[in-house]
């Protein structure tokens, strides 16, 4: 119950933020929303004991679906979101089947390799994808921003509203999924495959389903990102994004929505954080990249500490740990 | 609950509302805000030297009184050569930093990605550091956008014309980077050869920048029996192309594209590897002996020493950036004390600059409203005994 | 025909490079159970250190030996300070850590030495040798020879020495190894040190052909993983053989399958990884069965 209360307050804050922040910060937070959705999806996957170092690839699938539908078929932006989620989810299910045969490290390697190779493939099939030039979605007034008319919002605020509306919806969906029998089965599979099998849980089905759901989330996130930036190219979803999604997901594991939110904020604002480090000339390639990696390393080292703190807070606040 | 409030406070704390715009955004009595975006990190980081070079030159100009009493505030952001980050950066520069104009955004795809946005917003996107022909050609649709570099397409045409003139029976092999950059060069090259393209070009092989090396591609090209080798590649791949050709015992006439022709790349061991290669010349390469005593090169060295910490005086990208910056300052001066975005675009489309100290002798910056290729005539140069030696007069491709 | 032979020979040359980095990946996996995504960047860093020594007037073999020692020490220290705490947390944390290291080390190398590519004077001559219309160099042969020698040395280490026994025990079951008095902590560090040293060998051998720059090994990494998977993640010999096969395969695919051409070689490597993992996870020479849970 307390959790519902906390979520309610967050929603209220979300609604109020655009009135306080500048236009630019608002649209930045819209991008954060897209990352948040992808991170949530990855959390569902982690809950099943599987890992993916390449969820940026599913975001790319969603983003390109949106772009191609809007650019070549005149579909309105909002309707591309569920389609993108469906396409990505379908691919996730397909990938989930062979993924069953791969253990932790090997699954990490396979997903890592896919994420690295995807931009190459996107460039190769350029009749379909526009190649390295990408697809611009800017300047399609009939297909975008219809909410601005209805509610008198600016384009930036509309993007924010759309993204967070979807974000809250999918969060509630994820919450429900993970608290329900689906989630319990996932955790059973994660914690002990043997025990899960003994209790009659169809491990394979649940693992594949987890992949599908998490991919669908990433697809929706990619669609929202494409709508937000109004542009996709093969370089829009690089391997670094996949890695940071994973970092965010790890922070959000154990059912902590705040971790997922923090992860999403980190992805968006890490370059700015690195920029305020003293004595670092972030205009140079070397220092900027170095500190980017160093922060990641520091996060991982601090993570057990953070998780211990987070779970003790969770223990105190909620009557039932997930 | 408390966490939610803390989160809200944190986000609010991190936010800054944008300043309300003056009558001309980015222009005050004492300053002009200019913005850019480039690959400060990532594989193409060397190219961001143009931004650092421009930054250094602006600081020099500011120290000498600025433009009509205004100092240039140059803000440039990292996009890692990812066009969607360029879009985000440009959004920030326009909506948050309130820049007056965008200058020297690096990369063809990057400039294409933001072009619709800048033109819809009426923000000048001048002197894009990208060689695609469209930036000079499509001004009817995109009046706020203009390029600077000789377009890659045209560079290819220039090489083709030179081959037709000096090696009419050439058999040509082409190694090209498999993206717009390499493909533009190849397309221009083919166009320049005209009817002879099909018979003269015996083999073309592309490579993806994710390749580790191009040994296999070069071997394939050598096997075609060509006597002329076009290297339309970037950075280390260009070096490898030279070295592998040498290793395979293949000694064709080599043409190497401008972006890969920096003296630092060409100085290979053994020294004979690159001997006789041809490229185009538009900016002054500080390492070329012909320019050793050149006042422009000396000025560049001074700017680097004073305003670009860690800058390498032989870095051609820095000098290229200074050339662009010089042209922008010229345009800002011509736009007048009553500086508006429109007056800048008028100045930029009426340029007749012959005294740019950073451009090779004879290379000028000329534009008219109907001809928007600032640098359209260049020279050729040949690598001889460890340096570039210019030869011939001004050349240009078909526009 | 001449081109076919040349492609094969060039493929062996490139493959030698993939195999030598794959060897480092296999060593660290075999002794610590970790897939180290940062292995390539560490190798590049070691190579830059070697270049720095050479620039200071050291001659090649002393510089090389010093680099190996420094790399070993560096790997050991890295494991003891940064990796060890991460290994206490969830397994996935270690994976992310190695990727963080990948980024950080790449940034460090760029920061200190800048991004431009430069020639690296290796111990073997890069002058071309022509045999029957095919060109290669002593450098190409040298890479393969050095890798095979390293495989032999490592093989001896693992099978004939107490240290090797300890390393194997640590990787298979650290807890039980601890119970019988194996200094597991230190051995994990040794595993990292050993892999770092072998990575240094790979870097120094590769740099004369690939040209030294901070991103030199970034592209090689995926090919090295493919080679290691193909050969079997716990087989040092498999890593080198896998590399050679992969090098030739990619060249032939790239030259004769027009659709693959120059652009899809990376995708071909991915296909190899996925194919092997799904069809025969132990690779060509790997012995252990891959557990699924």
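For clarity, chains are labelled A, B and C in written order, and residue numbers in each chain start from 1.
Here, contacts are C-beta pairs under 8 Å (C-beta built on N, C-alpha and C of every residue); 3 or more make two chains touch, one makes a residue touch a chain.
Computed from a prediction, not measured in an experiment: that's the story for all the values here.
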TODO: Could you draw the chains as nodes, link the ones that touch, and say if you get a line, ring, star, complete or other?
DONE: complete
TODO: Could you tell me which pair, A-B or B-C, is linked by more C-beta pairs in contact?
DONE: A-B
Task: chain A and chain C, separation of their C-alpha mean positions in angstrom - done: 32
Open item on the list: Please tell me the distance, in whole Å, between the geometric centres of chain A and chain B computed from their C-alpha atoms.
Closed with: 35
- [ ] Find every residue in chain B that makes contact with two or more other chains and list them.
- [x] 45, 178, 208, 210
Open item on the list: For chain A, give me the residues that contact two or more of the other chains.
Closed with: 116, 120, 123, 284-285, 288-289
Task: Touching two or more other chains - residue numbers and ranges from chain C - done: 110, 114-115, 263-264, 266
Task: Contact set on chain C toward chain B in their complex - done: 2-3, 6-7, 10-11, 13-14, 17, 110, 114-117, 119, 126, 128, 130, 135, 137, 209-211, 213, 215, 219-220, 223, 250-251, 254-255, 261-266
Task: Of chain A, residues touching chain B in the complex - done: 2, 5-6, 9-10, 13, 17, 20-25, 27, 29, 31, 116, 120, 123, 131-134, 136, 138-139, 229-233, 235-236, 238, 258, 261, 265, 269, 271, 281-285, 288-289
- [ ] Over in the complex, which chain B residues touch chain C? Could you list them?
- [x] 43, 45-46, 178, 205-208, 210-217, 219-220, 223, 235-236, 239-240, 243, 246-249, 264-265, 268-269, 312
Task: Residues of chain B touching chain A in the complex - done: 1, 3-5, 7-8, 11-12, 14-18, 40-42, 45, 48, 52, 76, 78, 80-84, 87-88, 91-92, 95-96, 108-109, 112-113, 116-117, 120, 178-180, 208, 210, 309-310
Open item on the list: Touching residues of chain C toward chain A in the complex: what are they?
Closed with: 33-35, 37, 82, 85-86, 88-93, 95-97, 99-112, 114-115, 222, 225-226, 229, 263-264, 266-267, 269-270, 273-274, 277-278, 281, 290-293
